[in-house]
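Next come two complexes, and both contain subunit A; in the first it sits with subunit B, in the second with subunit C.
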Partner chain A sequence: MSKLNPDFILEFSTDEEFNPNACINCGTCSGLCPIGLDALPRKLSRYIVLGLEDKILEEKESYFQCLLCKLCVENCPTQVNISSNVRTARNYINRKIYKI
Partner chain B sequence: MSLPINHIIGLLSDNLKLRKSVLPLSKNSITGWAKGLNIPKNGNTVLYTGHMYQLMPSIAFLGKIIGMLENSALNKTLGLGRFFNKIINVSMFITWPSRKMRNLYDKRLRNIAEMLTRSGVEYGYLYGKEMYTGALIYDMGVDDVFIKHAHRVYQLLKDNGVTSVITVDPHTTEMLRDIYPKFIKDYKLEVKSYLEVLNEVDIKLNNIPDKDVVMHDSCIYARGLDVLNQPVKILEKAGVNILDLNDSKKLTQCCGGPIESLFPAKSVEIAKKRVDQLNKNGCKEIVSMCPICLFNLQHAAENTEIQVKDISEYF
Partner chain C sequence: MKKDLKQKIGVYICECGGNISDYVDVEKVAKAVENEPGVYLVQTTMFTCSDSAQIEIIEGIKENNLDSMVVASCSPKLHLLTFRDVAKRAGLNQYNYVHANIREQCSWAHSDRTEEATDKAVRLVRAAIAKVRLSESLETIEIEAKNVAAIVGAGVSGLRSAIDLADQGTQVYLIERDHFVGGRTAQWGKLFPTNEDGKELVERLYKQIKERENITVFTGADIQSLDGSVGDFKLGVKISPRHITGACDEETSDQLYKVCPQETDDEFNFGLTKRKAIYKNYKNAYPENPVVDMDLCDKCGECLKVTNSNINLEQEAENITLNVGAILLNTGFDPYEPKDGEFGYKTIDNVITLPQFRRLLDMSNGSLEYNGKSIRDIAYIYCVGSRQPDGENKHCSRYCCTSAIQSALNVKSKYSDVRNFHINRGIRTYGKQETCYVDSTKQGDVYLQFFEKSFPTLEKIGDKTIITLNDALTDNETMEVSADLVVLVTGMVPRKEDTVAGILKVPIGSDKFYNEIHTKLRPVETVIDGIFIAGACQSPKNIRATMASTLSATAKANSLISTGKIELEPIIATIDTNLCEWCGKCDELCSYNAFEKVEIDGKMVAQVNKAICKGCGACAPICEVNAINIIGSSDEEVEVMIDAFVKDVQFIEDHKAKEAEKTVGKTDDTEKLKKALPEIGKKILQSLESEAKSVPEIAADIQHPADDVLYYLMSLRKYGFVKETGEINDDEYYLYELKQ
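Let's turn to the complex of A and B:
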């Protein structure tokens, strides 16, 4: 069973560009992703907003597969800063898990 | 067995922190391209290579090694490699770029510099003082190492009285134009890609292709920096026929390059998909404007009739 943590988002990032709350889960990003990542980017937004840290860690390698090509950003109907959010997730994983 | 990506990220970021580059190169490898061009040292405006063209032959070699390790039990040794790399530059022993490839990438930089000079653009070059911008470490999300390095690069520019730079690739342009200002207070630097500069002056191409070409727009140039029409105009003014493509401009697709060091097999898969898209209308000549795109697409188009060229090869 997953544990929800509503304060997790604050621990994740305080960056002004970080806006997973703007995601409406429409799936445009997943449909366009050249690498075919399903976990990214829309699931990332849900995991962060709900505070599902264990889910983020479970899929940690997926976040490094993102090309940061911004095709999803270009087409997002609610202007989620997807690439920037993915980079923030990488930073979190580097700090918390990889200890880099 | 997937690669231990933590060790690869760690090794590359350790290199940036300790040796000012993800893959430290000799001064000769960095500045060799400029030999005999008599580019002034320093100046208010400098050509800033960011080492991207110079790094590609080494990255290509490293990519081969990482590709071999991807499904091998030997990849566990990467952790050990990272440990020793903090003491001695291990990456120097695992990157043996081919001379032929180095010459080709150097020639592209020479072409850009010579075209700027022929067009009356005045600029200097920082030679051995110039540094890599840290783009890969920023993308990998190692922010503390990246931020320290960004300050180091900006200080170098300030110390040398540089107020304006002409860049040669999208990654360096993005770092200096859009990313550094987010982390450096009172950042002031005019940053233009050489494609933007050349679009504003009269130029004459020396090697006009005798066939139709298709453009592969760089994701960063097209979606991030608005460098969209300049390369097209440069070629069209010289009479080059550029074929239309749906997946281009703001909807361009990635070459796979950004994940080459962590997921080499996936990177090749993406590059092959992109070459197929670019070849949809039967065009056999692809024009690229980024050294990473160039390498990945060339690699994906090996053993086919398709040629992938850097736009500077027409200069």
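Let's turn to the complex of A and C:
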């Protein structure tokens, strides 16, 4: 059971480039991901949109496994900046867990 | 009754470019029917419907002085009218022509049994010949039409229709059940995509109505009865009075609302507010005067004390009869009312429907509150009352996704701290409406999706309602959304209190909406001549689609009545008054109400209203004294057809002679066939003269769709005009060349 926290995304980033909301859940990114992330790129965006902090921390390895190859960004039909969003997420995890 | 039998019948048997002749041996059929009584001429043609074949038939009829004709080809649905026209052009009466269907009901249906198919074709053609022998010359029925139309329902659809019909010179009666015009659109607030208020649309249309002298608006009007038929309907209408007899300005109205002690739920605001017994739907509602609700008024007399109120509580309802040529129904829809407990409706106090939310948003000023509590988190649950897996509403209501998202955009632009959660079953913002979905994701709205196998559940905890669902977009993980207000995005359903349909006998479809003749090809006509349907009474529609359908109904009505006369098919039921003894069974059975009871020579008999009868034939077998005959399908005609059909078929076989004939007559035949080719066939041959081509290349060369080209090319191949070269081009298409 997860509780939605719509305010979370504000805490996460206020950068204009940060746009996981534009995702239409088509799954193109997940299909293309060359390393087949445990939590697929689509889900990484989804957790941020829904503000599921527990899930984000649970999947922290996935956020760091990403190669930032941008294959997904190139092919995203709604121009979600997936790699840049992943980096924003890394930044958040660094601050939150690793206290960097 | 002895009829003059037709003596010189022309029979034309179509090959349909192989569609018939591949399975039915048309030459055998021709041979087998040429000695039928009355037959003078039998011909087979490659495409009977082609222009050249039509001309040949016309010339043949004139040359040989034929008196009737039979065409054996495709379904009469396709070409009955074509060949009636041929008969007319040849100087015959168009009803001295009978159509035999040997394609859909013979060659296509029995493509695996060619011999039996040929046998059946012979029988079908013989039956047609037997029928045409008895045929009589008939004239189309011409009736007078009043260039007056009644439009039922004064929502945006009815208002628009009235303006357009009036501009085309028709006298219009606009009949509205409510005391104010505007219907649902007035309740809807700001509309996609321009944010124009529904009330503004209504105002704009109503002002145009006022400018036209040939429109009369009746409000508080209930339809009571309908008599007559197309061109001459008599519509009984009961007009409830407003009880305000003169002008009533705003100031006086405000005073009246103040003094009136009686209060009830305001239907216009879906019960969100209260109204008095003297009321208007909204401040600028039209017509301008308020109205007194006599069901609520107890005649206390307080309002009579207000100066200049012009109130008369004793005004009586009035019954009038409108004589009109056509009736247009624009009666609209009802929003779906959820059942008690459906997604917490009426059991959880902060659950409301989308129409309620739109009224709440429209009326809110400064802060968004419901039941005295301010609202921040709004959850929208989609497809309530639409696309029901178990309920009776299987349809998608088409407007609600856009309407809900538009509301979410409006509420956010009015109150920026609001957060929207869209709990949907797939968003259907089709066409241009997609932009509002994109805008809503940009403003940070969250979308969650559920499937019909697990609906969300609601629970009230403290001030919040918690919605639990399995989100399909996150691997069906269970999510909890906490909301201050839950909006049930309800769809459209047919009107609950619909008295009109019963009185007018409007056909109702299995989805309970009004039914058109053909969903695609005749979307605004009903089976009752002169009654048209438009807008959301036919199926769920947004305003744009409603306008398209109402303008189409307007055009159809105008073309029907504006010339002052209407032509109808003469194939109808007739009564033998010597036999009829009026038992009333035909009247009970007739779905069109075509029968009337009249007195002839001191005895009661049935009479058929020619303008109403459709010639469907349902009444003929029910008549116990056999007094009813359908013109063109009388007992005598049906009997001779059956006799002809069951007669033995013996083919005159002479294979060798036939083969010999084929080789000898080959060149002549080819030339003859070439002449009979349809235009496109000739073009294809021309195009292939220079070089071998593939189907797409021919299509590009002669500028015809490739599927048409393929169809005709295959016929040409079959008849030996072209052959394939055996090669393929770079795009891997077969090449075809002329066969020398």
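Criterion: the second predicted complex is superposed on the first by the 98 of 100 C-alpha atoms of A that agree within 3 Å, B and C clash if a C-alpha of one lies under 4 Å from a C-alpha of the other, contacts with A are read in each partner's own complex, and residues count from 1 in each chain.
Definition applied: a contact is a pair of C-beta atoms (placed from the backbone, for glycine too) under 8 Å apart; a residue touches a chain by one contact, two chains touch by 3 or more.
Treat the numbers as computed from the prediction; the structure is a model and nothing was measured.
Asks: Quick check for you: in the superposed arrangement, does A:98 touch first (subunit B), second (subunit C), both or neither?
Replies: first
Asks: Given the touch rule stated above, what does A:68 touch, subunit B (first), subunit C (second), both, or neither?
Replies: first
Asks: So, A:21: does it touch subunit B (first), subunit C (second), both, or neither?
Replies: In the superposition, A:21 touches subunit C alone.
Asks: Looking at A:3, would you say it contacts subunit B, subunit C, both, or neither? Reply first, second, both or neither.
Replies: In the superposition, A:3 contacts subunit C only.
Asks: Using the touch criterion from the header, give the chain among subunit B and subunit C with more contacted residues in subunit A.
Replies: Of subunit B and subunit C, the partner in contact with more residues of subunit A is B.
Asks: In the superposed arrangement, which partner chain does A:87 touch: subunit B (first), subunit C (second), both, or neither?
Replies: Touch partner of A:87: subunit B, not subunit C.
Asks: Enumerate the residues of subunit A that count as touching subunit B in its complex and touching subunit C in the other.
Replies: No residue sits in both footprints.
Asks: Which of the residues in subunit B end up touching subunit A in this complex?
Replies: Subunit B reaches subunit A through residues 2, 5-6, 9-10, 13, 138-143, 219, 223-224, 250-254, 256, 258-259, 262-263, 266, 270, 273.
Asks: Considering only the defined contacts, which subunit C positions touch subunit A in the complex?
Replies: Checking each residue of subunit C against subunit A gives 377, 419, 421, 441-442, 444-446, 448-449, 468, 471, 473-475, 477-482.
Asks: Going by the contact rule at the top, pick out the subunit A residues touching subunit B in the complex.
Replies: 34-35, 61, 64-71, 73-74, 87-94, 97-98, 100
Asks: Quick one: in the complex, what on subunit A touches subunit C?
Replies: Where subunit A meets subunit C, its residues are 1-4, 6, 9, 21-22, 24-25, 43, 46-47, 49-50.
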